[in-house]
Amino acid sequence: MKAARLHAYHEPLALDERDEPRAVGPLDVVVRIGAAGLCRTDLHIQEGQWAEKSGVTLPYTLGHENAGWIHEVGSAVTNVEVGDTVIVHPFITCGLCRACRRGDDMHCATGSFPGIDRDGGFADFLLTSARSVIKLDPSLEPKDVAALADAGLTAIHAVKKARPVLDPGTRTVVIGAGGLGHIGIQCLAAMTPTEIVVLDPSEAALDIAREVGADHTVKVDGSHVDTVLQLTSGLGAEVILDFVGEQGAVEDGIAMLQDGGFYHVIGYGQNLDIPTIDIISREISFIGDLVGTYTDLQDLMTLTAQGKVHLRTSTYPLDAINDAIADLDEGRLHGRGILLPAGAG
Amino acid sequence: MKAARLHAYHEPLALDERDEPRAVGPLDVVVRIGAAGLCRTDLHIQEGQWAEKSGVTLPYTLGHENAGWIHEVGSAVTNVEVGDTVIVHPFITCGLCRACRRGDDMHCATGSFPGIDRDGGFADFLLTSARSVIKLDPSLEPKDVAALADAGLTAIHAVKKARPVLDPGTRTVVIGAGGLGHIGIQCLAAMTPTEIVVLDPSEAALDIAREVGADHTVKVDGSHVDTVLQLTSGLGAEVILDFVGEQGAVEDGIAMLQDGGFYHVIGYGQNLDIPTIDIISREISFIGDLVGTYTDLQDLMTLTAQGKVHLRTSTYPLDAINDAIADLDEGRLHGRGILLPAGAG
Amino acid sequence: MKAARLHAYHEPLALDERDEPRAVGPLDVVVRIGAAGLCRTDLHIQEGQWAEKSGVTLPYTLGHENAGWIHEVGSAVTNVEVGDTVIVHPFITCGLCRACRRGDDMHCATGSFPGIDRDGGFADFLLTSARSVIKLDPSLEPKDVAALADAGLTAIHAVKKARPVLDPGTRTVVIGAGGLGHIGIQCLAAMTPTEIVVLDPSEAALDIAREVGADHTVKVDGSHVDTVLQLTSGLGAEVILDFVGEQGAVEDGIAMLQDGGFYHVIGYGQNLDIPTIDIISREISFIGDLVGTYTDLQDLMTLTAQGKVHLRTSTYPLDAINDAIADLDEGRLHGRGILLPAGAG
Amino acid sequence: MKAARLHAYHEPLALDERDEPRAVGPLDVVVRIGAAGLCRTDLHIQEGQWAEKSGVTLPYTLGHENAGWIHEVGSAVTNVEVGDTVIVHPFITCGLCRACRRGDDMHCATGSFPGIDRDGGFADFLLTSARSVIKLDPSLEPKDVAALADAGLTAIHAVKKARPVLDPGTRTVVIGAGGLGHIGIQCLAAMTPTEIVVLDPSEAALDIAREVGADHTVKVDGSHVDTVLQLTSGLGAEVILDFVGEQGAVEDGIAMLQDGGFYHVIGYGQNLDIPTIDIISREISFIGDLVGTYTDLQDLMTLTAQGKVHLRTSTYPLDAINDAIADLDEGRLHGRGILLPAGAG
């Protein structure tokens, strides 16, 4: 099969011919890839930023947002059959540790992450586990949902964690209306009565934000913090969902947060640096949000099948992966980039 | 009446003769002070650290941890009668704003704080509100509980917020076994099944920690982080209650926190400074904890009456307030300092 | 002033001339009535069903769903001013008991209920408390919201209690699409992603249900339980909101409830009668729902001002109260009946 | 191997010679039984009460409270090794359905229950799953914990569900201080600050209740409801844990429940029969409690290893199973009956 592999950091991916993976273990599943999302993390991997953290050995295949069809199953697989259309949860989990047993599978003690620390889905086939696949509603196709497997999953996870405090009359500030943010807005609108205020420097992104459910949009132009304070009676918002986490977003976000409020850290890059006396006297909290659980992804697929969440995409053939990466890197890629193997669809 | 007042920053308090306050408003309450706790915040006020934040005009009476007997009540007071023994919640709240109406009274939109921004309880009498007094169980005396009104209240509030995740098998690290910490340990032991690990540089403090319920004590000596990691299977604790918040406590605490865990910021002084990528990839959260609500103080009085919480104190006559302050400042004060007006008891 | 009073059970109300109430206590508030909702409970009061429970002495003024303008305030009132447009929470609460202090004011130890156990709002003026009034958004008028003060408040309270389990993919069965039910449907749609299945014997009610947000409507015709089971993969719904509670609704509801699910009892009339072995082996729960809190009513007013909740009404002059009661009793009243005093509007 | 099997309802068990089970499936585990608890449900099975519900085919081996040592493991088992000492969760779950994935494994869509609907642990060996075994702390032996696998697990599950409302100052009434109740009392004492009031008709049971943590004990003698109301300021308890569920316990329990309170149905036998108007006007809830999850059993093992929970037992050799059943049936069995196979220990 074809697989887009990284042979050396800072080099383009190579389209190599590889043996197809096989379902050897009892819970193994081989997925024929229908579509794979391109993520900014793929750029960071290529740049070597994850080299030490992941410990991966080059060469290997990238691609951690995958959907397709079940191609082969291990002996103990009961939840899917060959031919089923599936989305692939990005984490392979053991199912036996305490975290897995309480439904908190993203903290699995022995998990692995295809596309990050082992071969991923920029290929014709992907080896994963029965525990990582979710059958799709017949109305959904791999290319429409693949990028929800990581970007969307992180967004819904953050919204579900924020939800208990989001009563009517609350305001939620969404910082960043890009790949994750525009899914976060849709999840907020579908699951909560909160008033949604969206910040972004791009007018195009704010247009999309309004289309998908923002109640207010604010251009990041220097006066945006004041604008948000005016929209929130001078008090700030009860919840901040920060999908950016760099270039001053955190300082802005803290200034827009209401006393007693919750700041969700989702995007990353800069430091959170704040006097402890401010944390205490304002009684504010900072909540880290990782990618979501398996049941979070089920929930997201439900919202998508119900038409409440819709992902914006641009497609490329898998062979054009390096073009897609260049487009993403240079800001030419609108919506989420999706790679389609030759045989997909 | 006598009142210990601050006339100028960096000066000793003066024991002035003042008119007794009167219950003029319908919910006003005048408390004859039985005992008032001395808090490190009183030193910080004297040093001028709160001058700008509180906006108070000098001279005024300090003392924000008060208990005593009801002396006079306003026309609409129905919850206490003259002669009742009471502890005084430190915050005077309106009862009508959204925060008050949902039981979150410490975020009252228009509250005031006797001893911080208006006359406090280092005096024979204190003017407060019916909404701020709690009748004491007959077994409790003002001098035994006064310092629970703020220090203890902050500790139980943090423990109540941490409690939902404190299942059997979890570990909680308590940083600092002083005035707040030794109450926090007792609240943890009374309300949760968590294993309690206490850190302090003082052997005397660790002795107290063991007496009041610590399962493990660890001297802060440079190897303490490693010791805690060994006690927690190398993973760190699910919850950190940081009653110190300065001199490196935060960096230590982050290193002792389990992935997915909750860091409660209670003590203050230094900054929290951490890369957002660590917050996300470890999915850790930082929870600010202010003083507790009125019902938190009711809960603390219940635990105290049941013998589950016991405060260690040293008493001084109110006239000796400047000696007490000096003892606190210079480390000679063991347990919590309690001021007794001449007529108390 | 005019007041519609009950002089004897089973008799029509009399339109008596009465002295206007005055704001004597410090938190008293007199509201000039703009509109008052007519509730089936008013019929039950007239029939004597509440005589013993309320302990009220005849004659007295009915009307427990009130809205209007502030006419006079007591000396300690700070949250409203004369002239403000307000809705009136139906319960007068003390603000000082444990229940009030934790925001659970509907369990106030010493509350009273105008229109049930003291003079209500079928009159030109109503005496209530500063703690019971909520200022309305300028877009809202008394006649549009009065009936939300009790019927709507009960509906939103039930939805808020059910909300924590209502993830995407869940189904909620609403039994009864009448006065409470049609508000419940709108609250579910505004606050949760659950799929809403509505049951009613009336096609007209089901038409309204569809207009306000039902995903599925099922006519109560003998096969309705089977229809709901088919809609829910044979498993039943995660949550039942039973706004009927009589004539077999409870048996039907139990048959439509998923194992592990929650049955909310809101309407009443019949008994809940079920073997304890079924409660345990199915691990199902029955949740009683009373009228909501003050903050629940704030939330409902927010949703109404945002256009997410809209009440259907028919108006009558206060003088025609007995006609309105007859219309309600005999099924001629469509939407919620609203009484307008002569000077209203 | 030896196995105590039921060949016909209403007949004694037969001690048959059977082939040892083998770990054929990848997650299969064979446990050499160290001890098996005898439960009143075993009597009910013998009496045929579960014949229809379980659908089991006779003959088969009883015994659903099991502990022992790992004897053989399937190819994909990673959490235990041959020789490990384990307790056996009573339910075999799939790990792949939605319920399992969110940690709610007792609602597994395709689970089976050894000792109820397939061969159980009154034998030398038991076939179960890697998902059902928990390694024991070295301080614990199978005979000390076996009966916690079902009776104790149900008790801790109920306490964990009740815990969020059990603040200081609350009261919990435990109805029945027998096999489940005496574990429930210990779990309440270890995990909550609630005041524990225990009811039982037996003085011996109340003696045990006091030893293990009851704050008050009340003999069931006709005046017990009044006694509990006196202990609770006339209001009743915030929580009832009813481990009896028959012979009038439910009517008593409802009379002892505070308005706004939670009634946990754990024991069973009679009906819950109550007017819906009482459920609503008192806003009370009835919570069904099934056996606990896998992580609940981990928690219970933690409390047991910490010495906070201790089970009282009487042991019998497996050959004497019918004597043990007779002793249980005729009230001669004190503590929980434990069967020991010939080779155990």
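Labels A, B, C and D are assigned to the chains in the order they are written; within every chain, residues are numbered from 1.
Everything below uses one rule, namely that a residue touches a chain if its C-beta (ideal position, glycine included) is under 8 Å from a C-beta of that chain, and two chains touch if they have at least 3 such contacts.
Computed from a predicted model, the values in this text were never measured in an experiment.
J.: Would you mind checking the shortest number of contact hops between chain A and chain C?
T.: Counted as steps through touching chains, the separation is 1.
J.: If you tally contacting C-beta pairs, which comes out ahead, A-B or B-C? Let me know.
T.: A-B
J.: Report, in whole Å, the distance between the mean C-alpha point of chain A and the mean C-alpha point of chain B.
T.: Inter-chain centre distance comes to 42 Å.
J.: Got the chain D residues that touch at least 2 other chains?
T.: 104, 298 - these are the residues of chain D that touch more than one other chain.
J.: If you look only at chain B, which of its residues touch chain D in the complex?
T.: Chain B reaches chain D through residues 160, 164, 167-169, 190-193, 195, 298-300, 302-303, 306, 308.
J.: Where on chain C does chain B make contact in their complex?
T.: 25-27, 75-76, 78-79, 94-98, 101-105, 130-131, 293-295, 298
J.: Which residues of chain C touch chain D in the complex?
T.: 53, 99, 104, 106-107, 245-246, 250, 259-260, 265-277, 279-290
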